[in-house]
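Common to both upcoming complexes is chain A, partnered first by chain B, then by chain C.
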Partner chain A sequence: MNPDEVVVIALTALSSVAFLLVTASGLAIIFGIMRIINMAHGEFLMLGAFTVVQVVRWGLSFWLGLVAAPLVVGAVGLLVERTLIRFLYGRRLEAILATWGVSLIIVQSMQDLYGPLTEGIAPPLGSVRIGGFSISQYSLVLIGFAVVMLITMYWIFMHTRYGVMARAASQLPEIAATMGVPSERINMLTFGLGAAITGLGGAMIAPLVGVVPTMGAGFIAQAFMTVVTGGPLMVTGTLASGALLGATNSVVSYFATAFLGQAALLIVAIIALRLFPDGISSGWKGRV
Partner chain B sequence: MSVERHRLHPVEELSAPPRYPRWASTLILTAGAVILNFALPDFGLHLLSGWLADGILALSLAFVWGQAGIFSFGQPAFFGIGGYIYGIIAITCADATGETVTALIGATLAGACFAALLAYFMFYGRVGEVYVGIITLAVTLVLYTVVGATSAPTYRIGEAFIGGYNGLRPIPGIILPGGPDQGLTVRELYWFVVGAAAIVYLISIWIAKRPLGRVFVGIRDNELRAELLGYDVRWHKLEAFTIGGAIAGLAGGLFAAWAGVVTPDVFFLPQMALVVIWVLVGGRTSLVGAFAGTLVVQALSFKLGGAGGIVIGQTPLVLGIVFVGFVLLLPGGLVPSAISLWRWGQRRLVLIKPESMQPPAARIDAVPTVDKDAIGYESSPARSRLEVRALSKSFGGHNAVHEISLEFLGPGLYCIIGPNGAGKSTFFNLLLGRYPPTDGRILLNGQDITGAPLHRRAHMIGVKLQLPTVFPGLSVHENIWLAAYARCRDAGLAHRQARGLLARVRLLTRAGDLAGDLSHGEQQWLELAIALAQNPPIILLDEPTAGMTRGETLQIVPVIQQLADRHMVIVVEHDMAFVDRLNALVLVLHQGKVFAQGSIEDVRRNEAVVDIYLGRRKHVGDS
Partner chain C sequence: MKRSLQFFEEHRIGRRQLLQSVALGGAGLGASALLRGLPAVGAPTGTPIKIGTIHDLTGAFAVYNQATRDIVEIAVEEINARGGVLGRPVELLIRDSQSSIDKYAEFANELVLGEKVAMLEGGGSSASREVIRQVIGRNGGPVYFYPAQYEGGVCDKFVFCSGEVPTQQIGPALIPYAMEHFGGEFYTIAADYNFGHISSVWVKKFVEQQGGRVIATEFFPLDQTDFGSAISRIQAARPQVIFSLLVGNNHLGFHRQFAAAGLVDKIPIVSPVFGQAGELTSLSPQEYKGLVVAFDYFPQLDNPANKAFLDRVRARHGGRLPYAIGEFPYNIWLNIQLWAAATNKAASIEKDKVIDALESGLQLDAPEGRVRVDGKTHHLVHSIHIAQASEDRSFKIIKTIPDVQPSYEQSVCDIISRPRTHKQFTPE
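This part shows the complex of A and B:
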């Protein structure tokens, strides 16, 4: 194995980790703060990707799509929260089922609007050559996106008023409420924020995948496993499990097949959960 | 006691919830199946057979979810595995053996084995409820990818090519041993599936009515309490999950035989969504509801979403709306809601006098005598010895319990007191096994039980926790029955013991009520009865008077003293007035150590004890 190949494998693994992180972060926020499993997560990703498709169709820049996607999907998230989720707090299972219903409705509506065909978006950047290998510049940019996304999340939950309240509300809801934390508003904002970040993630991966109304289903298994394996700390835990699972997936895929990579991801996740039933970050000293 | 006896109702009647006649549903269903046989053309019967196979799949989810409280997305995985295994065996062996019933049995076993394997990882890993949902979801989706990737002709088992996304085909239908080689006709297959559905349904009803089924419900209702009674929750969940896997595997085999093909789509999200919708619509707590929900949803989506329907191609949209609608408006599902409506109507029209109209049970005014035969006590008090050697527990550097060494002898009454933060609760939980000690050993009758799991200790140690932990969704009688059954494993004996204990704690008139409907004080009595039903040599009581009125507190004193004649009773208590009356050996804990011990008078005379309660420090040291 020559040095170029090592670099390429490392970069591929990193971008695979980044892919996992941008597609799972929004779920981690909603699950971490609200303990709600959002089954419509894949559809939020899909809506983010479609926002980019629509923006590009209008002849505007891909980068503008990246800005629009979190706004659009954040708004959808707020709508879902107000009309549905807020009736289901504390009823986790019902929330799973209801968001699943939402996911079915969104998929079908998008199929009616856009048809079942795959939309492609050309990667907005070219590729770079490393020795005998070429790697797309955009997948390197994605690594940067993931880093920025995690730092932003960290900042939001450590340094904003909302972030501190949200963490308080998720840990001791009653006490937080008696201290004046408006839990209703916090929940609404959390769901909206989670949806917005999911939409942004969907927009970011749009050039790398086929954009089609049913695409969401392909991501949720990995995203769920990343979040569950990550455990209670939604930034550092998700980062750690994303690194573990993403690296496993990409290394196995590189040396064997993509399908074995998927299987390896799941097996590693199940073993990790057998060892740390509450996720790998349970018992860590950090705060988010 | 005798004052109350004359207005007792037979407990069996009270504890059984009012039901519609059991034969009625069987009769209606049989009649329905016969009528449909004549009313429908072959095509309709063919569709119906497929839906019935789906109904069996739904039943498997209703069983694990509604009965045992395990929400699983994984039923389609077991269903699909059953389908593939049926296909592989049937394609490979049908020519040689001339039948495919073995293939169906293989499908059932395959579903059960895979479910058991998954259950082992989840339940023995103590994965939480929501995580079980996610893991089963992920496993099923991975099966979709894995099986989908097998399109190359090299993927072949026996004579069968797995076929990737194109699926495994052609799969022979059901061929009975000695029957014609071409398999069953449409009508025969219909009756075969009807028969299979009926058998599976009756077996699951039978299991639900058996003690095992009640244990499942107990675990669903309150896992901790079930474990404290001595049920190995992990094992019982594995059992329930495996039974569910077998049912789903059988359904998959029937489906494969019916359709002639299995594709990886059986593992995909739409299939998972459908199974949950069937059960949600039918009502998760109703086993017959699983079939009802399946037939309603499938018939509707066939009518509305199929050719000529009003929402062609929009089935997912309709299903999504059904999902949301049922969750928000009718979370119980159709069948349970219909049953409660029927009962409500019955009460209003027939004017049955409900039990709740009777006056509440009279409170205790004399110490009840123990009906020893009914309770099934051994003739002699159980001698026991609980030794604690240098037991320590620290939480992140704080020594909550620090090298306590004690010996308790039973029967006898001990009372542990101490100010807040003295280590009482930690010590209690160490004895109970809820916390592993940092250091030290616990010996019971000379046997080391330091590392024994909760459910193993339960046979020796009964417990009443501070907050009542009962099974809120079970009747009062069933609560005590579960406790008695945990010990004796004899349904009839447990029933008699439960009845005796009901009388003893004055809850006979509430035997049929749900434990969750009892007042806080009544739940304390119930929990005491639960501890008694276990009849362990050692009984731990954590603040038994919490939430009781002063009057009730006084009533419980003689009961505890009477208990101490036959058991070792260790009480952790705050209420000094109560401790005064108990007349027990008092142990004062302070800063994780035994600070003083003796009779209550000794302790009261001890200046240092008075000081730590008042917070003065001159005798206490400087911490």
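This part shows the complex of A and C:
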């Protein structure tokens, strides 16, 4: 194997990991802090993608769309939390059912608004040659996006008042309550933040996928696998599982087939959960 | 009570549908005013003949069915305007399978056993066709028409396939064109289910027959969204042309990511499927540039039958075409017209007589050109048009091959001499 092939395999694996991380991080927040299984996760991704598509359609810049997406989807998340989720804390099965209903409503609303088909956006940058291969610059930029997203999440949960209280409320809820942590408000902000990050992820991948109202279903399984395998630490755990699963999928896909890549991802996830039933990061000393 | 609730469920009126109905009402008034100018045709009378159609009007495959509701309603309106079938009006029962396979089974059973329809039309993916075919087989009918281009080989007394098959699209059209213009080293990418697998066997057969080589064939699960590795693999293999059998919206990402890697100008793509799911709308011109397809129908076809066909669609939408009409909705329309013509020719709605009428080599002047039922195989002899995706989000027809026979089906299937056949042949 010549050196340019090795470089391309590595870069492709990194961008697959980035793809996985940006689509799963928002779920890591919502599931990690609130233990809510959000079946509308795919739809938050879709809304973020549609936001950036609409912004570009209005003639504005793609990067502005990236700023708008988390704001729009965060607002949607806050709305969903206030009207529905806050009645369902501790009631896991009902939360699954309710968020499933939200997902159906969002998909159908978007189909009514936009029709089943939308003019998407082409990737904004060009391609770069590496020996006999060329890869898209945007997929490399996606790696940068994933890094920025994780650093932002780390900063929010380690260095803001909200973040400290959110972690406390999630890890030791009774003590946090006695210390005066306003759990209702924290949960609202967490769901909104999770939705915002998910919307941002959806906007980031919009130039690489077909943007239609039903697109969410294609991402939800892998996002859940990444989050559950990652374990309790939202940033470091998700990063570890995203890297492990994403790289496995990408490399196996390259040397075998795409189907075996997906199978390998599943097998690795099963092995990881067998070895670490509460997730990879369950024994780790880190704080987020 | 349950039936009337079902009626409302099937006929939910959304805002868009309401507007469409108003437009339709207006168009209907206009059309009936036009019809009064025609030589007197007796309005159909008597008990309506029920026919059923099942398609994915919502869900992930809705993108293939933008035109479907309009098309089936137009087909039935035309038939009723011509005096109906056997002098009786045709009543159309539309069912939305919601892109869910089990709904196909549910509605097929409901229409066949409950409504006792004289004809069933429907199915999109090959998986859905096989589900319907099983229901038809268990109940000994009614006659079933499948509209989509597919992997070929269905040989079933009760089933008629109006879609193109590999020995029409792939062998005589796409492969020779690709070999002549791009080269003989192929790389096949296919959706991972029966259609993708069987079609890719055909690609290999035809490529090798015509002196080329398929370097590799890769299958992608229908929910695959990240094609990074696949694109690297393709580059490592250095093909001269890519043969694409990708299906569904998730696979659209391949074209986005392929273009992002700067490969659209480097490796041409040919496909017997691309373009049916509104890809020319979702993708931007630089992402699909130069892609070559082959189908029996394009809206660009320049003949009076096609103009009249498109005008009827325009009449429902204030004079414009709100979506591209590809080969899939066209074949749906064709299905209903073929059934009506055959039933009138047979002078009976009885299944066996209708099938006999179709098998006698029924011909129609259709928007694609002249279409003929190949009696022994229950497939159609089609005109195949090769076209290239162009910047204005349409296909430009570059070559037309008339009277293309379904030759594989003819070599293995003779329903007239063996009427108890109910299977699908595959090339291995």
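Following the convention adopted for this analysis, the second predicted complex is superposed on the first by the 286 of 288 C-alpha atoms of A that agree within 3 Å, B and C clash if a C-alpha of one lies under 4 Å from a C-alpha of the other, contacts with A are read in each partner's own complex, and residues count from 1 in each chain.
Operating definition for what follows: contacts are C-beta pairs under 8 Å (C-beta built on N, C-alpha and C of every residue); 3 or more make two chains touch, one makes a residue touch a chain.
Since this is a predicted model, take the numbers as computed values, not measurements.
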{"item": "Chain C versus chain B on the shared chain A, clash or fit after superposition", "value": "clash"}
{"item": "Which of chain B and chain C A:115 touches, first, second, both or neither", "value": "second"}
{"item": "Residue contacts on chain A - larger count, chain B or chain C", "value": "C"}
{"item": "First (chain B), second (chain C), both or neither touched by A:269", "value": "first"}
{"item": "Which superposed partner A:5 touches (first chain B, second chain C, both, neither)", "value": "second"}
{"item": "First, second, both or neither for A:173, with chain B first and chain C second", "value": "neither"}
{"item": "First (chain B), second (chain C), both or neither touched by A:92", "value": "first"}
{"item": "Which superposed partner A:259 touches (first chain B, second chain C, both, neither)", "value": "both"}
{"item": "First (chain B), second (chain C), both or neither touched by A:215", "value": "second"}
{"item": "Chain B/chain C common contact set on chain A", "value": "108, 112, 217, 221, 257, 259, 262"}
{"item": "Of all residues in chain B, those that touch chain A in their complex", "value": "71, 121, 125-131, 133-135, 137-139, 141-142, 145-146, 149, 268-269, 273, 276, 280, 314, 316-317, 319-325, 327-328, 331"}
{"item": "Residues of chain A touching chain B in the complex", "value": "35, 37, 84, 87-88, 92-94, 96-98, 100-105, 107-109, 112, 217, 220-221, 224-225, 228, 257, 259, 262-263, 266, 269-270, 273-274, 277-278"}
{"item": "List of chain C residues in touch with chain A within their complex", "value": "14-16, 58-60, 62-63, 66, 99, 192, 218-221, 223-233, 235-236, 238, 249-253, 256-257, 259-263, 266, 277-278, 281-284, 286-287, 323"}
{"item": "Chain C partner contacts - residues on chain A that touch it in the complex", "value": "5, 8-9, 12, 15-16, 19-20, 108, 111-112, 115-123, 126-127, 132-139, 207-212, 214-215, 217-219, 221, 249-251, 253-254, 257-259, 261-262"}
